[in-house]
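This report concerns only the one structure given below.
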Amino acid sequence: MSDIRQDNPERVDDSSQEHLLVRFWFTEQESAGFKLFALFTLFWFATAFALAKGYGLFENAAELTREGKAGLIVFAGVPMILAIYVSLRFFWWVSAYLARVAGWAEAGKKIPGPARWFWFLVPAIGTYLYVDPLDNFGRLIAQVNLVTQLEQFGIPAFNPMLVLFRLLIVFFLVLLLWDYIKQGIIIAWDWLKETWGFAISFPQGLAVTLQCFLRPNVCVEYPEYRDEIPENFRGRHALVADERGIHKCIACRACERACPDRLIQISAVRNPETKKNELTGFLLDNSRCCFCGLCEDACPTDAIKHTPEYEYSCYERKEMVLDLFAEYIDRTAELRAKLGGARVS
Amino acid sequence: MIIDSATIWEACRDLLMGWGVGYPVAQVITLLLAFLSVAVFAIILVLALVLIERRLIGWIQLRPGPNRVGGRTGFLQTIADALKLLYKEDIVPLNADRLTYFAAPYAVFMPVMLMLVVLPFGAGIVNGSYRYFVVSDLNIAVLFILAMGSIELIGVIMAGWGSGNKYALIGAMRAVAQLISYEIPLILALVSVVLFAGSLSLVEIVQRQSSTWAIFPLFPAFVIFFITAVAETNRCPFDLLEAESEVVAGFHTEYSGMRFALFFLAEYLAMWVMAALIVVFFFGGWKGPMFLGQSGLWLTSFFWFMAKSFFFVWCFIWFRGTFPRIRVDQLMVFSWKFLLPLAIIQVMIVGWGITYRNPWLSANLIPRVTAADANTGLIGGFEYMTTPDALASLTMPELVAFGWSVLGAIAVIVLLGAMFYRTILGFRPSRDFRREIELKIMRLEDAKSGE
Amino acid sequence: MARRYTQPDVMARRSDDLETQELTLNVGPQHPSTHGVLRLVAVTDGEIIKSLEPHIGFLHRGMEKNSEGREYRQLIPLWDRNDYLASMHMDYMATSAVEALMDLEVPRRAEYIRVMMLELQRIASHLFWFASFALDSGAVTPLFYALKEREKIMDMFEMASGARLLYNYIRPGGVRADITPAFMEKLTAFLRDFPRYLDECEQLYTGNAIFINRARDVGVLTREAAINLGVSGPVLRGSGVAWDLRKDEPYSVYPEFKFDIPVGERGDVLDRYEVRFYEMRMATEIVRQAMEGMPEGEYVAKVAPSPKTKAGEVYVRQEAARGELGCYLVSDGGKKPWRFHVRPASYLNLGALDTLCRGYLFADLIIILGSIDIVLGDVDK
């Protein structure tokens, strides 16, 4: 047993009261613990009293007169008060430890509850209800015939006062230990919510897949159905012909220079009359084309374009070298013949 | 036992003997017919199941599944796959232990096929008497099924060892660890069902569910059995052995061609057998509204059995499409620390219910039918005491226990109702629900951050 | 609860009875889950990874050397193929490097279009990451759902640029082509449906207990380690460092948009996952703001077909889908670069894999690798 004076330095500094046996000023810690200690002693002795009554130590008290019962309380209460005084007087130092245990060791911590006097009321009321010195409640219960009804119902030896007393004691304990209980509830509730969240995640996931199961599928079943391709899709190349069926290429070789892999091969002859280059051949190696579109960006006359055609697989590599000029001639032969010009370029 | 097992095969044998065939010959013919029917049923079922799974998984994934081979339904897809596997080269590893290697696929496939022998597919009036549609109504059928499951384990070890590949062996060890860990809760769940029905025979278990299906009093057992059935058949979310993203190879790595096909078919057959077992144990087997009357009883009972079992096959496929995979150590923890205590508690509850003659949890009420009525063939002949009569015969403590069980049932129903309500309500992505994965969102609209 | 199994504990437990050996396992170059050709050599003690060594270079194509002989306009389709799943970011990287050495004013409409495309590309890249991540962990359906949404974005890109994966769209001066009203219609429909799709994905996958148990407290990268290793992007933000180049060193017209940056707390796989999901939502927000505030004007500035830059060197960086993507360009004043070096995001993120995996189970390796989100094209160039 260590002296609390060594643990608590301010007590050593508080020199004005050291010579007294009982000091009149307590630290906050001590004061909080003191209240707890006081409550504890009250409760402890009230319980002892109730147990004595429950075990029939006051059996003959039921036949006592009103004054007799009051006298019994005083007679039995005197040792109780004495015990309370002794414990408060000589064991006040326990209060600090109790305060630390109860978590009220922080300075200025109030006793939890609606008001401080409420703490004294609860066990007091409970004790009074159970002891029932004036036999008020016994008579009330007998008038209501409660005990007989309960015995007929099948629950033997039902004592409403005892039950009430026990309930009040439980209530008192809950109030006293509310901090711990609240923490425990928080921990349990968090665990429960987490477990519930986990458990419910399975049906929610299943609900999502069920909804998607019932939706129509989004597959475009190639080759019976095809997706629509926008016009500017970069597919197979082609030389563009205007409305007369004549290509627009001026053989400036801008696309040759633009292509990152130099896949375009243009052959042109210079027409001495118009002093312009005329296209005679246009080869494009589509096997290494990366479809970047730089050729159609570079062309000043929009003569070469990517068409949206993408289905042109072949069996031999040399078929991948496209002769765009020959294709242009084949494609526009009819149109050019119809419009009367056999001119190719 | 209420009634002697009268199966259609015995009716068939009686028919043959009625035509003048001697007993041994009739018996042999009947056995051959039974064997053929089981084999044909298994093969057709597996072929259909593979296709059904691929199409249903496809629909869950918003795509059609196989729809080229055999028209738009793709019903010939599995046959095409089987033919392809038949034509593959038969590779046997050099280090393989030949006998074990060759025997392993059969050791895995045959127990599953044998489980079909005790499944009751229906019941009905055949040739004037009430017969069960089961190849063999063993009175220890549950034990038989569990034993077959354990033999399958040995087949897995044989496959892993016989491959001569240390990664296949590690994979087989993992598979066996998974299967063993999940067998114990499965057995305990079945113990609670057996206690509820009072018999190990599957036919008897189905008949005991006349008044109420076993799923209502034994809901935790159903949950445990469902989860362990998914784990026993190595389906998602417990399919870490077959996962492509796992480094350690599965036990069937070194198998190719038809041997691999046998493993594959064994898995699908096991899936259907597990679904059928769920139906038999918890959902009343072949029972349902008999809409074809007495003469067509066997047809409707067969229909209900197949419909219910395919519903659970759909549940297996649905689970596969939805959930990610569990890691191997989490799998063990889940089985030993969650399912096993739950199964034990369930067995305790059922045992307590039987001790206190709780009609909700025990079906061991005195039946009213005598042996003379047993062969009338009417379904009504198997009814037990109805609940009000049973309640009147209980003593006070039993009544109190019954009251507690009613409260418990109400609590379970309320909980389930809350769960489904929340499910239907949908996911509200609020911070409350996702507290455990909360992020710290920093508003950086004005200030730049440091470091 | 501490998840790491520290090596001293393991060895202390075992030293008295069993003599164990370390096993060197190879997650080979051909593997369905390594997102490309990547070889991981893992030294494991039982199931616990002691060290991990990535062997890279299987996809090295010599792109930096290749870009030394090409004009600037030809560089852009070349570097498209660097990180082929985030091609717009690559375009922007090359373009911003070139523009930094030119006197060029990019029209505001072009900048808005660029930001819109960059953020849409971020969404597409994260969707593909989500698809492969879910597939690695065993869920087969989120793959298809994510790719279905990505198809919508790719359709929009196809409308704008003419290609589905490798766009060659952002170029010096602006963009290749203007966006059409049909594009805006599709974009409006997409923005209307996409947040609901993300909610569905979260309901299906994120809340799932199995996934959370596999991802929480797995692959933890502490803040200091993240900064020291030089990782960037969602990996860095998942570890608690609030660093995003769009906010801290803004480029293009990002200062005009209002958006948040998600920052994780624990630095585990789940945090990186959640960061990417939140980034998808924020990207949707930015695209909506860009769409609503799109100014009129030109979509490209007047620039020569084959641009010429001043002589000099510049380092530009941007917040790509996978992290910080930097480009160091040295030009001698012509049409072709003298030196073009790229600081790839995935390369440095992959370097953190060893630190991330130590002490965790071997079965977690694939999940952790998936959470870093690497593309081997970006790693190997």
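By letter and in written order, the chains are A, B and C; residue numbering begins at 1 in each of them.
The rule is simple: a contact is a pair of C-beta atoms (placed from the backbone, for glycine too) under 8 Å apart; a residue touches a chain by one contact, two chains touch by 3 or more.
All figures in this text were calculated on a predicted structure; none of them were measured in a lab.
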{"item": "Centroid-based (C-alpha) most distant chain relative to chain A", "value": "B"}
{"item": "Of A-B and A-C, whichever chain pair has more C-beta contact pairs", "value": "A-C"}
{"item": "Where chain B and chain C are represented by their mean Cα positions, the distance between them in whole Å", "value": "45"}
{"item": "Whole-Å gap separating chain A and chain B, where each centre is the average of the chain's CA atoms", "value": "36"}
{"item": "Averaged-CA centre spacing for the pair chain C and chain A, given as whole angstrom", "value": "28"}
{"item": "Sites on chain A at which at least two other chains make contact", "value": "197, 199, 202, 204-205, 207-209, 212, 218"}
{"item": "Set of chain B residues in contact with two or more other chains", "value": "60-63, 321-323, 426-427, 433, 436"}
{"item": "Sites on chain C at which at least two other chains make contact", "value": "141, 145, 148, 200, 203-205, 207-208, 212"}
{"item": "Interface residues, chain B side, partner chain C - complex", "value": "57, 60-63, 236-237, 239-240, 243-247, 320-330, 426-427, 429, 433-434, 436-445, 448-449, 451"}
{"item": "Residues of chain A that touch chain B when the two form their complex", "value": "154, 193-194, 197, 199-200, 202-210, 212-213, 215, 217-219, 221"}
{"item": "Residue ranges of chain B in contact with chain A within the complex", "value": "56, 58-64, 67, 318-319, 321-323, 396, 419-420, 422-424, 426-427, 433, 435-436"}
{"item": "Parts of chain A lying in touch with chain C, wherever the complex brings them together", "value": "197-199, 201-202, 204-205, 207-209, 212, 218, 229-230, 232-234, 254, 257-258, 260, 290-294, 297-298, 306"}
{"item": "Chain C - residues contacting chain B, complex", "value": "25, 27, 31-33, 47, 134-141, 143-145, 148, 199-200, 202-208, 210-214, 216, 227, 240-244, 247-248, 258, 260-265, 270-271, 274-275, 278, 361-366"}
